[in-house]
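One chain, subunit A, links the two complexes that follow: it is found with subunit B in the first and with subunit C in the second.
After this line comes the complex of A and B, so read on.
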């Protein structure tokens, strides 16, 4: 087996392994391990003289592989299992392939296996990777049919893909998109980072800093001013330890019919929770989204690809009072927790005439006691965590401050709730969009004042006011702590100017990629067609695109013809050029005669011309092609002749 | 019904190719997806459905890429054949266990890649990886027994460039080829051919020793193992026996008669074949008598050819 087919055929199994590595978060370490073991087996078989595997043995291995895969991933994730089985099948088929046509079949099957990666990630990187894999795949198919070596085969396949790609892109844009034929299960994402629905900041030893992108936002006009508090989850139930997600979070509310307020467009990355991001009081008309009473939006069903939506942003409408049951809900704290804090809140409440006075006391308390903002707070396991934070440890991150503030407010019978979301975002100066990363995650408080309504309160801002104006990545004070948490990624090196520049450029590219390519859906397409072709845009676009496709095919036809013809040997091209250049009249004679004629016309060139002729003759009448050095010499001679002529 | 229709279509197509020379063009090149090509199209369709259902532009793009690849491959396959010229140069007849060959010449101004040639009698294709300018091909014909055959249909086929498309054409030269009987050694008593009595007639008993090596015939049971051409056996695993021929064995004018030989029909023809070859070697004049068929005295290559063809056809 190892001798019959070139080793690079087996690159396809390396690709399968690579895919399993990229999808390690979705498939788990176990599956990637299984693929690694199979690939190792394959490698050993390539470099030793392997025994031919019997069909029965392969069947048993296949069955075992399938069962192991299914049990490693769990049958519930039907899409994940399906893709994993495809990967295993491709790998095993390769291991026992002994005939050329089996390799052809593997290559064709890989045209399905590789793009399965797009079900999980549609990043530019994934697209480029799959394109490269397909190029190698095509090269193998070329080799199977024509015995081309790796390099020329790759060259041909890359050339081919470069011709094919624009046509395919054209088809994606112009061929009218069909609605989904039927509903298919979505691949499921493992929860890795992101907001949690129940918050207990005191449980966290070190805030994990992920540089993973959460969403990008653009504002229609720059009237919404920072700081940007992106609200995602409202926690209005406190059990003494954790702030739980509100049970009204998932209650759909018809958005107000008015089209007032500012617009923002957000492209959110896929997540394991449906809660999306908005500013102040937001709602959306997007059919895939619901809006709720809190003014946040959420997905009707989870998807595995980025979702683009617009929100209308307005201020909270003034409310005079809360309904009694709702008031009760927002001041409720379980009895028996944090007695010292309760006591403190009550003394402040006694000496304050209104809510803002109470809050001012709270602010002064934090500032006078030198509270510290840190990403690595002192953890607490006690039942009275807020007590411990306020009176002992006095350090923490946003969650601690928000949690303590909300507890203090509720203790004083001021309705308050915890909000988690993101703060700020990194603005791209060229394109004007904001990128929000996981490390921008934030928590703050909203409290209710009769007559005014709900208001935002960010106690963290008292301690670390810089946190409000920029992204965490731009915070100099915490940069050390911040970057230690990040590990190795481009953003960890954002102090270095050139690397940061590269990072921002890549980021910009990714933004355009997501906006233009991935989220180019039916709506966008029909809008585009309507702009271009009017009312019956889609119909026209269909007709025109078919016509253009026909024309493109004709162009391809002639292009292929041209490419096939336009490759005379370079020697001949040089010779023809020289003759044409120097002596327009003669084309008829033999090569020798023509050169002789030229030497008479340009006697100063005689020596060079004969040298050229000697090499040319050698290339024409010898079966062997000229060597590299000879070709080089021919080229210099050609240049010399032309220069002197 | 279906079979008849198919045969009719085939006859109709073959009419166009009834020639010993053909320049490929759009009217005589046939292109269809191969088995793998249909598989490829199926995968493209699955990708399309997946791309639509998941509203996934990248998977959709992959399926379009595959579709366009299919179209481009179609063109490449066409241009691979287009303007190439195939010429039938004639058949080379041969003795029975050996293969006769059909000789063809292919020429083209541009390169032709990866051609497979088959004939009606030999379905294992001869693969030619690349043709530059001009090439001569001898298409072997295997597994045929003695006889006269029509050249039939020569199929020129290619899966170039990716194995997804089958491009093919036919050539039907109106010609015949012969497979001569296997030359067999004569028995002792048959050595004396029936001949027109002549004074030069001599008997030669020391045939084995003092004779010249002449040609090889197929080994048969009972033959002396010392006469086996072992070198040839080592190469081809075919047991051949050196047949020797003593000078002056034949008179100048001999008649070889089928009825005077022993054995089955094929054996007798084989022996006749040996006799003709031997006689031709000595430039003797000979005639053959095959039941009713008689070929009058003659000599030379054309005469030998005529006699051998008669044996093949008999």
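After this line comes the complex of A and C, so read on.
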């Protein structure tokens, strides 16, 4: 960038850098580093007298930038690569831009670059940020076109955007939501946090605590009482080390639809796995979802947008027996692992007459042996992890307890499976919804009792009963450990009342944004139309919106005509401006006389003024419309006169 | 500036000293085939201007001194019985000329005045049912004295409207007067101005005037000026459409004199008082005030 551009043009590259920073999880540290280096180069060029770069040099740097970007991101992830290339292209163009039309190109490109952020996040924050960026982008274009200074340019661009907002809202509400003709491939998210399909708690040194939102839930009526065990993944297969999902879960076995039960509506944030969240036995009618016989729901295909769905929830239906093959599956443990545990289970089984007695023995074992709940357990790599946990280390988090309990149950031939999901959630008192964050992740056990059916068992609750009553963030005992895991984020300061209040308000705003704006889909649209216009709502909405559109265009047509007729020609506008600007007294008198007067007031401007007059005379008195170049010249003359004046 | 017109102005300036604006306006009036009313005190050069104009343009020239007993036939001419031919023979009056100087027009009776004005309008004289065409170009320069109005028949507004322009020469500057004193006593013939163009050339120029571009912007300025006289309520006799047409063509002629083929508002302003003041009933002494008032209130754009 040449020094002749105002310094605030630099904001464009800052924005690109900001986007790369926000997307650091998707693009990696390397890419952000590359952007930072380029921005540093840009800074140096701004504050020193920049040389004009040779075409060859530019080509080499462009190629290098493209290759580096592609190698940093990896070609496999096409969306990420193209967005990254766009960011780099915008930045490189800014570095070498020295002419106004080059910067115009950048601004036009940025109208596409900035909204790329929406491919990755659709939060309110992102929307506001992109809006601000676009406002500045427009202001730069106004500066390039009309030479407006930063403040007036920003004023004009913000005004324009504010005028456009209601139109945008109108379009969102009334534009028919057609199914997409084609779709971008989803940008692939790296699984940094969240549940995983294979659980091996013993592999984890320190449970990473993320305050990332997982989902929000509202209950139709407050019938369902806590604690809320949000089931997501059923791990019904154990290979000695890890708990896995059996293939059986994804088969197309349709469960009988639930007719009765409590309703809950859930808005789930996009995730890298299809499994969604439900309470005990859940069923959903949403066409985008599948429900399975385990009472869990999952996405037919992954999306990058938050998804809203409603579920019907009921208790597990009582079953007297499991089918033999299924019974076998749920008691299966690979031979040769954890011999001590197996032995222990068998001793307990021998001395107990039913399942609940067995579980009581298990509970007493955990309580009597001073097991500790911790987020930083002792890791284990041995083949007999459960043995080590139960007899040596005796510390761990929910995964350890659930995994051990399930193993013990299976060893005693009691069908059991591991469930991972979330526990609890933070209730918003105003809106009545629950927010569940990644740090609410939990694991527990479900076991089968003949005649009763599947039942939930949470061994962690024996060790840390507080865990049941609330979110992890409210747990005083663990707060130190917990907050270390969180790092510096708002939730780490939730002990401070005012900060917590701000956090909750922001959280509430984001909830409304997601619910009202992001998830405004075809169903909601037609529901809204039916609410407004009755039974044939969609039809009426179509007619009304077409009518409004037609009326608006007619009004606009006449308005534009009127304005065009009412507003003086540009030559006259320039002239009036000059006279008003330079010489307040002369309102009477002909143009020639006024120009004459001005030449006496500003002798250094004489030549320019007469050139201006000549063009003015041509258009106004000779009745010869000015050509484009003449108009351009008139404009530059006008600027020169005003500048010198 | 148009070269030929420039020469005309130069040679007139040799006689009428330091009055280029009035000379231009007089030529303007001539180019528009309009008649000129010079309102001035005696001895200010009215007559000199008019016969110099005729000389320069190569037009023939006659002068009629108007008095209260002047009869219409004294101007237009009469039919007299020719005994030899046993028929009436038309004897053309002084009006059959290219430039007629009607001196002290307000001294004649209204009847005589109207006879002259009729011929001015129609460019012909009808006597005993027979029409006689006046020569072309035909140009009347009338003079009148603004003061000493006793025993005069002032021209009514409707008659004044027939005059394309009213100008007044005013007193000369000291230097100009000194020069006049030096020249005094030299026989008139030697002061006589040289002919610069002939009547054919003048006719050609007259044909060119309507071709001068009058842009929409200037037309709307003219309209604003005219409308102002009607709507401001300050004038008992606002300008007529004839006045607006006259203003437009005078502006064109003025632009032509200045060598332009398009009119600018300055042209309109230059000719405005000459064309409009007498039609608005403003005396020549109040012209400056009229100018100030109207131009201040009517924006050019």
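Definition applied: the second predicted complex is superposed on the first by the 534 of 645 C-alpha atoms of A that agree within 3 Å, B and C clash if a C-alpha of one lies under 4 Å from a C-alpha of the other, contacts with A are read in each partner's own complex, and residues count from 1 in each chain.
Everything below uses one rule, namely that a residue touches a chain if its C-beta (ideal position, glycine included) is under 8 Å from a C-beta of that chain, and two chains touch if they have at least 3 such contacts.
For clarity, every value in this text was computed on a predicted model and none was experimentally measured.
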For this session: Name the contact category of A:543: first (subunit B only), second (subunit C only), both, or neither.
Result: neither
For this session: For A:162, select first, second, both or neither according to whether it touches subunit B, subunit C, the two together, or no partner.
Result: neither
For this session: Have a look at where A:37 lands relative to subunit B and subunit C in the superposition and call it first, second, both or neither.
Result: neither
Problem set entry | First (subunit B), second (subunit C), both or neither touched by A:576 | second
Exercise. In the superposed arrangement, does A:591 touch subunit B (first), subunit C (second), both or neither?
Worked result: second
Seminar exercise, completed: Partner touching more residues of subunit A, subunit B vs subunit C, is chain B
For this session: Mind working out whether A:293 is in touch with subunit B, subunit C, both or neither, as first, second, both or neither?
Result: neither
Problem set entry | Which of subunit B and subunit C A:617 touches, first, second, both or neither | second
For this session: Name, in rising order, each residue of subunit A that touches subunit B in their complex.
Result: 101, 104-105, 108-109, 111-112, 115, 118-119, 122, 126-127, 130, 134, 138, 141-142, 144-147, 156, 160-161, 163-165, 167-169, 171-172, 175, 177-184, 186, 304-305, 517-518, 520-522, 553, 556-557, 560-561, 564-565
For this session: Flag every residue of subunit C that touches subunit A in the complex, lowest number first.
Result: 213, 215-218, 261-266, 269, 295-301
Exercise. Once bound in the complex, which stretches of subunit A touch subunit C?
Worked result: 568, 572, 575-576, 587-593, 617, 620-623
Problem set entry | Contacting residues of subunit B [partner subunit A, same complex] | 36, 39-40, 43-44, 46-47, 49-50, 52-62, 64-69, 71-72, 75-76, 79, 110-111, 113-114, 129-130, 159-164
